[in-house]
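Everything below concerns the one structure shown next.
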Amino acid sequence: MRPAVLVLRNALGTALWLGLALLARLARLAGSLPDRAIQGLMDLWADLLAATTWRGRLLGLALLPVLVTLPGWAGPATLSVMISALWFAYVGQAWNLMAGFAGRFSLGHCLFVGLGAYLAAGLFLHHGVGPWPGLLLSVPAAAAMGALVGALGCRRGLGPVHFALITLVFVELARLAAGHLEWSGGLDGLVLPPPSQPGNAPLALRGTPALFYYVILAMAGLALALCRLLTGSATGYRWRAAREDPAAAAAAGVDVHRARISAMAVSAALTAPAGMFQAFYAGALAPDQLFSLTRSVEILLGPVVGGVGTLFGPVLGALVVSPLGDALSDLSARYLSSGGGHDLSALRPFCYGAVLAAVALLLPGGLWPWLARKLRLTPPPGAGGPP
Amino acid sequence: MTGLLALEAVSKSFSGVRAVEDVSLSVPGSAIVAIAGPNGAGKTTLLDLIAGVHRPDAGTIRLGGTDIAGLPPHRACGLGIARTFQRPRPFPGMTIEDNVVVAALLREPEMAIARRRALEALEPLGLAAACGLPAAGLDMSGRKRLDLARALATRPRLLLLDEPLAGLSAVDHGAMIDFLRALKGRRGLSILLTERDPGVAALLTDRIVLLDHGEIVETLSVQVPA
Amino acid sequence: MSLAFYLNIVTGGLLTGLVYGLAALGLALIFNVVGVINLAHGGVLVAGMLAASWVAAARGADPLLALPAVAAGLFVAGFLLQRLVIGRLDGSPESRRLPLMLGIGLMAMNGLVLLAGPNGRAAHPPNAADALSAGPLLFDRLELRAALIALMVTAVLVFFFNVSRTGKALRACADSPFGARVAGLDVARLRAVAFGLGAAVTGTAGCLLAQIGPVRPALAPGHALTAFVIVLIGGLGSVEGALFGGLAVGVAEALGDTLLGPDLKSLPGCLLALLILLWRPGGFAAVTSSETAE
């Protein structure tokens, strides 16, 4: 079969198969919703208990009220930093699906964020579609895009380096496309009009920062739960096997190529809502901002620092890195305004680079495993807990 | 040629070097066949060809009548071919149990049942008790057994074992021989194994194929000691 | 538009393509021998450009005079970087090496922006912008000179790899590090040499590019992307592939610039890369070699 047809068939086939599998699952779920939901939550709870020692549980219990009541006691600056951090925790978790479970480093996740953002903003501005209904289009679109990138980028003979470079090419194409289509506002991008009434409107995603905070907090929590469920599922097992040793996995019956494509599709689908959130939170999108290497690096910095492939790594990493990034931006802005000669806007990506190199050299497993061991938050390996 | 597996005139070269040359052999159902030969004879390549890692340059490979030459490894596995590796390849970051669960998921999509099948595969190989430990911590004997458990969990019709006895201590050697002999009794399972020493191979089977420089030198029929 | 018009564009593209090819050659060389993708490629290129522009500005002299210093300096820098930093992760999985290379790349590109500012500067030699004509074709003198120098450097490299002892040792390293060690070669040192050489080659290409295009540190990621597209088209570790890819991308970019506008000039190259991946994932190198895809 001609290669082009093969690749498209792979991408389409996996996307369709995923879609059908999802529908089948949802149908079964709907049939037994209450039981399934309760069982699922109980499983998750049991998992969480198994994954933590009493210290870990204590820490979790202490943190939870802090997080939930944050808008009540934190100032606007802190709130903004926390929203940013949680956003990166969410997106990092999605990126982690691909890197940690499919074993492929994507340098182009800003592609899916941008796709979600542009679709959300565009649908709202041009067609009056609200943010949540808009997801019905943007999530499958992102999944299809992810499947395409996976099908093309994970072909036989293409290694992780090829994949990384290919994601960069896709980002560039997206940037060019967004910058030259009328629907996406061309080089100026899109701007969402300010809300017509003050006050919170969760369904329209307009309101105070506190609203956005709770939305992203819920999203981050759901992402965490989803990733945990995926890890323990049959698909998750196949993903992990494909990542650990593709040849041995194939010998055990795992279709490694399809596993990688489906991991990419799910990762992309999970990322799209973050784009939607960004569009409505920031209120403006521009192609050069959204589709840049720095954006992609910001997304992967959390998981890499926190620990690729672990459950809590991306969260920890994002909570550590995001405030630092904001502080650096602040620093360079203040330097500029106080009359300093140099434009320090490159300082932030420079520091990101330094952090990446340092982590790669010194703490490749990431911060979370090290911290968890030191503080004894999780049981030692072999007691059957998740990473 | 009848039987479960039939190779006819299979050849394979890599960059001009002929690894396997015009090999024909057959493996009947419920039998053990050994391929014996020195290092570099092409034993692993032959297994790789059957398992789908490489595509033969010439010849046919049939499993139960179906042409399987060139099928990717996961498809071959789906059709009932399982294999172990010369140097065992566990999934290092996963537990012993999870290693086998991955394989069991091929036949049992439900996690709970797959887990049960995995433990059933680990039990006779003595790994069930330690199943929650990371696979990376196993010694050579443990890794070989894990490889085998993983292969068996896919409920194969044909088991390809690449030097299953190499690197084992005397005690484990004997235990593995006993286990493999017991496997032969299983309905519907055939084993094709490679082994450097024909004498050792004779402990397991009566059909030994001698391979050297990629070609079949001789096919022996030996009396297996009781 | 007349045929001559298009011919000129294609020729100009081929000339620029030779320089792009040289830059990508450095990248391919590093990937081939050391096995890492030099994500600092853009930074190295811009470093070469900046050196050339500094010579032009400060001395008012021909920026090509910067070449020997650039090549030597970048060789040493690359050698040390591989020897002291990157080489530590030799044998580590890609999941560890990619973040390191990414980190180094970000530091290089943004470090240059911090030092030199994101703005542009000129790097044209004193007697600039002459044109030579040959029939219907009009050659930009600077482009022609840059392309010829690129061609010469490439020829020297090819000669070096095939004839000299170090060159052959490097090729041995690339083919089989284990075999090379068995043969008594100091693989770690050779890898450092390869990295230094690749950096020097890329920096040289940067000097050449400085005279035929804008010199702006902020453009480093764009240059890097061009090089990545080239090696994707040509085949990641292939030297001939880098050259072919360079020519292809040079022409694609020239056509894109003229037909679609300067904003979209990277479009044809990117599409070409994706098409090649569709057709032959190994790139041009896989097309020419007789190995069937396994």
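We call the chains A, B and C, going by the order they appear; numbering starts again at 1 in every chain.
Everything below uses one rule, namely that a contact is a pair of C-beta atoms (placed from the backbone, for glycine too) under 8 Å apart; a residue touches a chain by one contact, two chains touch by 3 or more.
What you see is a predicted model, and the numbers here were worked out from it, not measured in a lab.
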Chain nearest the overall Cα centroid: A
Inter-chain pair with the most contacting C-beta pairs: A-C
Euclidean distance of C-alpha centroids - chain A vs chain B, Å: 41
Length of the line joining the C-alpha centres of chain B and chain C, rounded to whole Å: 47
Euclidean distance of C-alpha centroids - chain A vs chain C, Å: 33
Chain A, residues touching no fewer than two other chains: none
Multi-chain contact residues (two or more partners), chain B: none
Residue numbers of chain C (touch at least two other chains): 294
Residue ranges of chain B touching chain A (in the complex, touch as defined): 51, 53, 72-74, 77-78, 82-83, 85, 89-95, 98, 101-103, 105-106, 109, 111, 114, 132-134, 150-151, 153-154
Sites on chain A touched by chain C in the complex: 3-4, 7, 99, 103, 105, 107, 152-153, 155-162, 164-166, 168-169, 172-173, 176, 179-180, 187, 292-293, 297, 304, 308, 342-344, 346-347, 349-350, 352-361, 364
Parts of chain A lying in touch with chain B, wherever the complex brings them together: 232-234, 237-238, 240-241, 244-245, 247-256, 309, 381-384
Chain A-touching residues of chain C, taken from the complex the two chains share: 31, 37, 85, 88-89, 92, 94-100, 102-111, 113-114, 117-118, 221, 225, 228-229, 231-232, 236, 263-264, 266-267, 270-271, 273-274, 277-282, 286, 293-294
